[in-house]
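Below, chain A partners chain B and then partners chain C, in two separate complexes.
Showing the complex of A and B:
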């Protein structure tokens, strides 16, 4: 293999791995938007809380208290992060989305979640301090080599876990009764209500699923990013871009856009330097809004006039 | 007549403030407060009166600060000339953002304007030959040497901006903006050129934010990109919402309360910033009209 081909293959793999992490974060945003037409700005902080939960679950509980091997401790921590994410989802639904849902205003829930975000971020700052935590994943130590292409065990784990999560979500939405009911609520909340579906319950369920995904994404991101109380924000800002590029509320589009942004990021690091990543992604976003505001995959949506 | 009386009381309060709380530290907070009032006024025109969810105000605040400082330090312009250029430049950039904004609504606009703020922040960090990047610019002098002087200057400007904006929202232009906020389609069907007026609101809002930015570096003495993180857009929004958006006095009250409240809670250390978040959420949930609503209800 030539140098260039090896380089391109290597960066594409890095890109897909990064992209999977972004998809895990962005999927939650898009799911909530799909059924509720709302944005959860505190999603970023759910990611960060997930990362910190995983850190303490892996290092304190898993290996120290239970005496598990490193790898098992880390895998266990993924589920703790998933659980705390789900709890945060329950909480924000009860506190913000459910009470404000009936007033039919798109501005207020958004602003309320900005408030929750500032609150959570500073609560974590008070608890954990601004100094970055060293979160070592045992999988990051393993390096797998294919000719001249390298990747870590962590990247394999990330791709496998996100593929499983996306697959489970797809199967749930496609084949289960609850999934069907959810899609019905997303299409037309009132009619779904008339068919005996409880929209409030299903919207709550969606927010819990979305937040659980965010928590788990945090556990996967923890060892990759600089783990501070502000860690989630930088990722979620990109996830917002991904959700728009993919088309708000469009799950397929979000997955494609997430992987695409991951690959673009990997090549930006290679050729332009890591400082310019956000710049490139957001210029792409603004360009996208000019050329194709409905996202990569256009979905027809009637608007009430 | 009552309007004039209220305005007279406001001028008296503004004039008396630095003598009521006369320690140097609190006088510094007063300067900050006057700046925040300007920022809240600018955002209120866009979000409160025109109903456009703009999360990019921190970018215009940054442009005012950086443009003025660079023109004065590197190109040796006169401060006031530089300030005027910075405000006009931000207004023009506001028009550029409006080019996106007029096509987008609600959440799309929120994310696009957030993107604009992220891009501006990244440019400040990366364009080191001009902005010095994260190293920052040091030793910036204020336009007037004393803190009290600086306070009177900014508060005076804030009063003028308030006066002008109050007249604007009472004029037919104000009705037009409110019509766009309430129902853009109906407004358009009545012949309102909504794109034009939204662009106008964005541009004026951007100019006012830049006007606050003009004085920021001289007051702090240093200029680093982190002062203009997107969190700044959120704190401006908190002021507008907590005070009561879509009213003139509301954002002013919000700015004053949210400037002084964290200072009073300084003893709690890190927890003080949580106040912003908590106040924002609770106000939206239980007091959607802000503090102003509370005063009206009696």
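Showing the complex of A and C:
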């Protein structure tokens, strides 16, 4: 393999890995928008909660209390982060979002997401402090090499878990009763209600699924990011851009846009400079808004989720 | 009855007068630190240092109480500006300690200058802070040139480096440190293959490490970033086999920015990392050992103070020293600071030059991270 081919292959792998991380964060955002037409500003904090849950589940529960090997402890922590994310989503929806939605006001739940974000961020600051935690995944320590190409076990895990999560989400939406009902609510909340579907329950389910995905995204990101109570914020801005590029509320578009942005970032670092990453991504976002405001995949809204 | 009333009135007047006098005998210190945001660990460690110093001073010196008010300035120029204006109006400090981040420190400097309030800085490196002609700015932290120059000397001399890749965060501090390395390195015949900057929101450094690996032989990689990003960067460079920690040949070099404990966080990737330190908890000086002992007694035997703890501790010692020498307000603190020569603190000796920059770097030395992640002090003359 020539130097150039190896370099292109390496940066493509880096880009796909990064893209998968972005997709995991962006999926929850796009799902909530697709069903509720609402932006969730607290999403970054759900990601951070997931990262901290995974950290404590892996280091305290998995390896210290249960005596599991590091790898098993970390894998277990993914499920814990998923579960805690889901429970947190359930609790916050029941306590904050659902009562506000029942009042029929669109603006208040949106503002409430900002309030929830500040609450979660400060609660984590009080609980965990601001000093960065060192969250090392045993998979990140394993470097796999094929000639000049290298990647870590963590990057393989991220790609595999992302693919599984996307597959599971797709299967749930297409083939399960609840998934079909959820799509019905996304299409027309009122008519779905007339057909015997409880829209409130389905909206709650959407928030639970999105929060669970955010929790798992946090668990995957934990060993990559600098883990502090503000960690999620560093990726969520990019996730918002991806959701817009992909078509707000469109899951398929979000997946393609996430991987595309990851690859663009990797090649921007290589050929333009890492300082220009945000410039390139946000120029792309603006161009998309001007040229194709519906995003990469412009489907009818009812087919989004 | 009237007599009693008059006596009571006189007593009350005397008490009020005494109280006013007591209030006058206060030196008010505003402490602006990042308590939120990515640099918030500075604030936590800084507060530990300040609290310890105050405890040892038992709140005062020379009959003056040292009254401290902490504020969160979040490493943000905007928040620091708003905070310092509020503090000036409400708390009326005689001196402000802070900020840690260069951008925020630069933002508050002109405001404090205008209000003739001393700014004592212990964590920013940007040259502009002490090169802008401010009369009320003093800094004990080595500036960008003072930190980068020894790195260049060691890179060229001891490490025989011919090529370098400079890595830095996109801030005033990062840019100044990078420039401070680049110019003298190139002037001495070294070749800078790339200068790579990145925002504080960058998390994954694999693509950057891949790019560096594609540049050919890199001898040294001076790095100027916050601890968290430097950990991830070191790990990515090791995976790409660029640095010694990953089996490569390059030597990653760091500045005083990195706190104690970085090596343990970066793991094996940190092996061979060479950096300058101003505060070394292993230093034999009595002042350092007393500080380490007191810190452990207060915060836990398993904890080791970092340079951030030490710098913050030193700022209070310097204020106390100025008060001991007769300072009682901002103007007299400024006068006393200007006269400081060889004032011993945990991070060395303080002698402010005409620009307010500490010029004494006698304790600054190099350390190299060993295989077991401990430090080995290097006897390299700068």
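Heads up, the rule we're going with is that the second predicted complex is superposed on the first by the 289 of 305 C-alpha atoms of A that agree within 3 Å, B and C clash if a C-alpha of one lies under 4 Å from a C-alpha of the other, contacts with A are read in each partner's own complex, and residues count from 1 in each chain.
Operating definition for what follows: a residue touches a chain if its C-beta (ideal position, glycine included) is under 8 Å from a C-beta of that chain, and two chains touch if they have at least 3 such contacts.
Everything numeric here is computed off the predicted structure, so don't read it as measured data.
K.L.:
Taking chain A as the common reference for superposition, should the pair chain B and chain C be classed as clashing or as fitting?
P.N.:
clash
K.L.:
A:275 in the overlay: touching chain B, chain C, both, or neither? Say first, second, both or neither.
P.N.:
In the superposition, A:275 touches chain B and chain C alike.
K.L.:
Looking at the overlay, does A:237 come into contact with chain B only (first), chain C only (second), both, or neither?
P.N.:
A:237 contacts both chain B and chain C.
K.L.:
Pick one for A:116: touches chain B only (first), chain C only (second), both, or neither.
P.N.:
In the superposed model, A:116 contacts chain B only, not chain C.
K.L.:
In the overlay, answer first, second, both or neither for which of chain B and chain C A:159 touches.
P.N.:
A:159 contacts neither chain B nor chain C.
K.L.:
Looking at the overlay, does A:283 come into contact with chain B only (first), chain C only (second), both, or neither?
P.N.:
Only chain B is touched by A:283; chain C is not.
K.L.:
Touching A:125, do we find chain B (first), chain C (second), both, or neither?
P.N.:
both
K.L.:
Look at A:150 in the shared chain and tell me whether it touches chain B only, chain C only, both, or neither; answer first, second, both or neither.
P.N.:
A:150 sits against chain C, while chain B stays out of touch.
K.L.:
Quick check for you: in the superposed arrangement, does A:226 touch first (chain B), second (chain C), both or neither?
P.N.:
The second partner, chain C, only.
K.L.:
Mind working out whether A:87 is in touch with chain B, chain C, both or neither, as first, second, both or neither?
P.N.:
In the superposition, A:87 touches no partner, neither chain B nor chain C.
K.L.:
Once both complexes are aligned on A, which of 9-17, 27-35, 171-179 or 189-197 in chain B overlaps with chain C?
P.N.:
27-35
K.L.:
Of the residues on chain A, which ones does chain B touch that chain C also touches?
P.N.:
125, 237, 275, 278
K.L.:
For the complex, which residues does chain A have touching chain B?
P.N.:
33, 37, 39, 95-96, 99-100, 106-112, 114-123, 125-126, 237, 240-241, 243-244, 248, 275-276, 278-279, 282-283, 285-286, 289-290, 293, 305
K.L.:
Residue numbers of chain C touching chain A in their complex, please.
P.N.:
The contact residues of chain C facing chain A are 35-38, 40-41, 43-45, 170, 196-204, 206-208, 210-211, 214, 226-229, 231-232, 235, 239-241, 246, 264-265, 267.
K.L.:
Given the complex with chain A, which residues does chain B contribute to the contact?
P.N.:
For chain B paired with chain A, touching residues are 47, 51, 53, 100, 103-104, 106-108, 110-112, 114-116, 118-119, 122-123, 125-126, 185, 230-231, 234, 237-238, 241, 269-271, 273-274, 276-282, 284-285, 288.
K.L.:
Quick check: in the complex, which residue numbers of chain A touch chain C?
P.N.:
3, 7, 10-11, 14-15, 17-18, 21, 125, 129-132, 134, 136, 140-141, 143, 150, 152, 155, 221, 224-228, 230, 233-235, 237, 265-266, 269-270, 273-275, 277-278
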